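These are the structures in question, set out in turn.
You will see subunit A twice below: alongside subunit B first, and alongside subunit C after that.
Our next item is the complex of A and B:
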């Protein structure tokens, strides 16, 4: 009993989310029964959430340092478009399967490198020039999307090797490949955030940039690393989207931006910086996916309700966090 | 401290119960709403409503459920459900985003549906998930998605040349059979709009010798922007005072050109006919600066997809000349290049006499 109590006290936020998770799970099961509790429904959900889950993790990293990255979706699409261009240029019809896979791997590597450059640009604008994150990334969002539009003329790029979409859309022992990619990246994110010195320094930076400077941290370097991490996670989302849609376009997933912010905040990352962890974001991603799939099971519930629920939920969480924070402050004063 | 905790739990519970309430309510209301409150928006014959079985489940996934065009389509789908007793319903993302639409399709194909009708935001992005649907044995029909590969059939409202000819017929009528005209498209690279414009020009050359296509420019671009359409039309009319008619193709062209006609005081002297949305163009139609808008009725298209789905489910083969029991889809035309592509004759023209019948 004591160990459970300790676990609960150690991470109240995660406990709260797990309770919500269970409530939503039970609710969906009670209301939709076998339609919800079915292997194919879980597989279907598993194919859907990794792309915006990764974007939410990308967003979480920047919220964590009291910033925001509005260019996550733009980076994902830019990487996907570049990969599509690269693959359609280099792959000829009678190429052997193993060469094709090598090419795909090379394209993924290129996407990651491009995303590092994009992230470094964001970090540079914020850390060195000192532009507010929301404005800096709003600018780079337009810039990256613009590049993608120019490269595609605004149209859809297809003509990708079959192997890419076949791999992303397949499953290993019934587990969809996107989930596996998600798990790998999420594990890396969780590790960096909570187990490394880097994560600790980012937390300090998010709590107070001044204090971080006076503690001798190199804030510029931290900002750049922070936005590079965010960009790399976005690129991973871009790779999944490229495979899932078997095509690339400058504006795929434009609505994921708001969803990513929502999930990160829902997952307990404080937009004022310094608080939160990746496990919370992961649980929040799954909650959002469950509610979304569950709502789609009703034939006559319009998807507007989804917007209403998301908006309501976001405001509710913000108010709740505010109340909790105020209480903690008061207690700290008393103690 | 404990009080607050209870408060939070209570709030959470209320929220969940509220949600559950939503779901429960709409579920219990469904039977009567399906029977009573269905508005007749589409004229049908027995071919459309009669069939062997009723226990089919047909889902229609549209580009964007917040769009008036698809709200109108939903009326057609609802009428189909009411007319036949078949469980047909429409879903769609809350914003026009290919990724969100794929998510909706992914969910919907898990719900034991027999047929899926899709109006794709981006045909290429939809293809992998449509393949998944077909692998599950679901019949897939698209509308405005002739480039999708993983479909059983694609149903289009009309063939492009025929629609262009229809626009020309109306323009000729408005211009009184004589004068110089020119054409406008969103982009010269847009395939279907240029086919419409070509169709219009071909019709004029074949039938209406009193009309003449302006030599230069023969075709102008609006970039799918009604402000740009307005400016371009104004320039054309100022530098070529002989121009008396415009063929508009994109739904942004037509109102833009009409505004230019209005502003230059050429009402009744210059005319425009082209694709347009009733709500957007209503005032321009009523004040006489816009003669006709042409379009197809999304309600009828939604209904037609459902009829087609059922016919396939009941083992009927769709062939050239097939009848779906709807005015615009009574004699389908099969494409010569693509045997899965079928076209209706679903164009309608709206002027000031009937614009108030359409609210989208």
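Our next item is the complex of A and C:
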């Protein structure tokens, strides 16, 4: 009993999220019954959430250092478009299957390299030049999306090898491949952020850049690593999207940016920096996916209402967090 | 120590005294404020446990006590921001069970907080007049009307200033004058100043005291919160000292001396002794030759031996902070050489500074020294993370917790849990955390910039003793400070800086404070 109590006290945020998760789960089950509790629903949820889950983790990295990365979706799309171009140029119809897989692997590698460059650019603008993250990444978002638009002339790129979509849409022992990718990336993110010197330093940087300097940390390097991490996770999301849609376009996943911010903040990452953890973001991803699937089950709630729902929810969560923080501050003062 | 002359207050004594007075003169009170048996709880924690505070009309009264003794709580109760849980407040003969800020202001009570509550981006005139304009609920402001208000305000204390200057361009001392003039606009009868001298220079303290005397001449009482005894002596007639939410002593300041004052504040006897440097044939640990930094300092040369504690003093802007920051690697020197243990070294980044065994306790611990919202354990262990991490970078949490517990004990840091944010600690304990972080490294030189600013007397002496002990063990320490007694007792040598130059290096043995003050100004 005591160990449970301790665990609850240690991570109040995670406990709160798990309670919300259970509440949402019960609510969805009560309201939609067998439609919600069905293998097919769980399978489709399992295919959907990894891509924006990865984008949310990418977002969480940057909120963690009191920044923000508005270019996550743009990087995902740019990587997907580049991969689609690359694969459609190099793969000829009668190529052997193993060669195709090698090409796909090469395309993934290229996507990761491009994302590292994109992230490094963000980190450079923020860490070296000193531009506010929100403006720097707003600029690079337009820049990266712009490149993708020019490359595609604004149209959808198809003609991908069927092996790519087959792999992404398949499952290993019934577990969809996107989930496996998500779990691997999320585990790495959680480990780096909460256990390693890098994660510790990023948390400190997010709390106070000045004190971080006086501790002898290289803030520029930390900012660049931070935004590179964010970009690489975005690229992983882009790869999943490419396989799932079996096509690439400059403006896929337009609603994901908003959702990524919502999930990161709901997951307990403090937009003022220095607080939060990846486990919270993971639970929040699943909560948002459940709400999203549940809303889909109402035919009279059109997709056009989504913006209102997510926007409203984000503002609600921000207000809620503000209230909770104020209360904790008062309690800390009294103690 | 004679207790009789100092009237240590017991509740019974107070109760008796008050009964007599209550029967005596009802009509005209000699006191502007009489707070009796005030209790205040926060949650289950007692902040004030039946304290009394009485201030006569037109007197300068000093309230002293360590952090957390309830000073700020009583100020907030008198000014109506906190409601008291029990007790009474009598203002100018009228009793109040409860009071709100509006009533307090209407009764002529004004508080000047440490942050002064000014708008840095507005002009002096706007700062002075804005409250009145808002209070009159005007929709449009008139520059002419505002100027009149502002002129009247500064005239009250005969203070000359350009009304169109933006406040952020002014010194803290001048800002204080503005806050005082603003308080006077509301017909103040009692002005409460919360540690007004912590952030201003000696010269500014002098002019502040002149103004306090002027206020007194106008019949305004001043409650002066401070724990610097020399100031208390100079300005206050009577004093009240709190400790842990209780009255410890009150009386006339003429009956007080340094030892009693410290004893009342801390509850323990503190004896500080001069640091005697006894090492013979010690080697040079830090040597600086012709070091220069543009807009900082010029041609600075000195050498420090192992185990020395050397003070650097001089006015703000004398280049002392820049010199310290350059030795630590925050600035890269434009020219000159630095030698550590006889070897020439490059210190062009903080990383290099730390690698060369130099630690720096910054003057602003809140923004530069600590990560306030982060746990104590992370703040103390920060420089050791790499040593306690495996090849994947995973930090061994139990190890850093262990080292934190060790240093918390070593430095007697008062804390509940090492996972609490460091910002929940008192100033003195926060400063000890910064020290612990550096002591965990095997340093050669530790530079302390204003190590005891905003630190309680008790913690202050703890820090002095610790530094002396470390120096005895071979650490070389530089103390940058305005506090001349601090430099004189704790350093064996002192260097004086003036507009970027090192003008004098003296032994503190037999050095007179006034002589040092002369050199530093």
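Just so it is clear, the second predicted complex is superposed on the first by the 327 of 335 C-alpha atoms of A that agree within 3 Å, B and C clash if a C-alpha of one lies under 4 Å from a C-alpha of the other, contacts with A are read in each partner's own complex, and residues count from 1 in each chain.
Assume a contact is a pair of C-beta atoms (placed from the backbone, for glycine too) under 8 Å apart; a residue touches a chain by one contact, two chains touch by 3 or more.
Because the structure is predicted, anything quoted here is derived from the model rather than measured.
When both complexes are overlaid on subunit A, subunit B and subunit C end up sitting side by side without clashing. Legend: residue contacts after superposition of the two complexes on their common chain; A:35 is shown touching subunit B, with no touch to subunit C. For the three-chain arrangement built by superposition, the Cα-centre angle with subunit A at its corner and subunit B and subunit C at its ends equals 130°, in steps of 10. In the superposition on chain A, A:162 makes contact with neither subunit B nor subunit C.
Look at A:51: by the touch rule set out above, it reaches subunit B but stays clear of subunit C.
Taking subunit B and subunit C in turn and counting the residues of subunit A each one touches, the greater count comes from B. Touch criterion not met for A:12: it reaches neither subunit B nor subunit C.
Legend: residue contacts after superposition of the two complexes on their common chain; A:301 is shown touching subunit B, with no touch to subunit C. Of the two partner chains placed by the overlay, neither subunit B nor subunit C lies in contact with A:221. Shortest separation of subunit B and subunit C in the overlay equals 9 Å (C-alpha atoms, whole Å). Residues 331 of subunit A contact both subunit B in one complex and subunit C in the other. Taken in their complex, subunit A has these residues touching subunit B: 19-20, 23-24, 27, 31, 35, 38, 40-41, 44, 47-48, 51, 153, 156, 158, 165, 169, 241, 244-247, 249, 251-256, 292-293, 296-307, 309, 312, 316, 320, 323-324, 327, 331. Residue ranges of subunit B in contact with subunit A, taken from their complex: 1, 4, 8, 11-12, 15-16, 19-20, 22-24, 26-27, 30, 33, 59, 65-66, 87, 89, 91-95, 97-100, 102-104, 106-112, 122-129, 132, 189.
On the subunit C side of its complex with subunit A, the touching residues are 42-43, 45, 329-330, 349-351, 353-354, 360, 362, 367-374, 378, 382-383, 385-386, 389, 392-395, 416, 421, 424. Against subunit C, the residues of subunit A that register as touching in their complex are 191-192, 195-198, 200-201, 203-204, 207-208, 210-216, 218, 274-275, 331-335.
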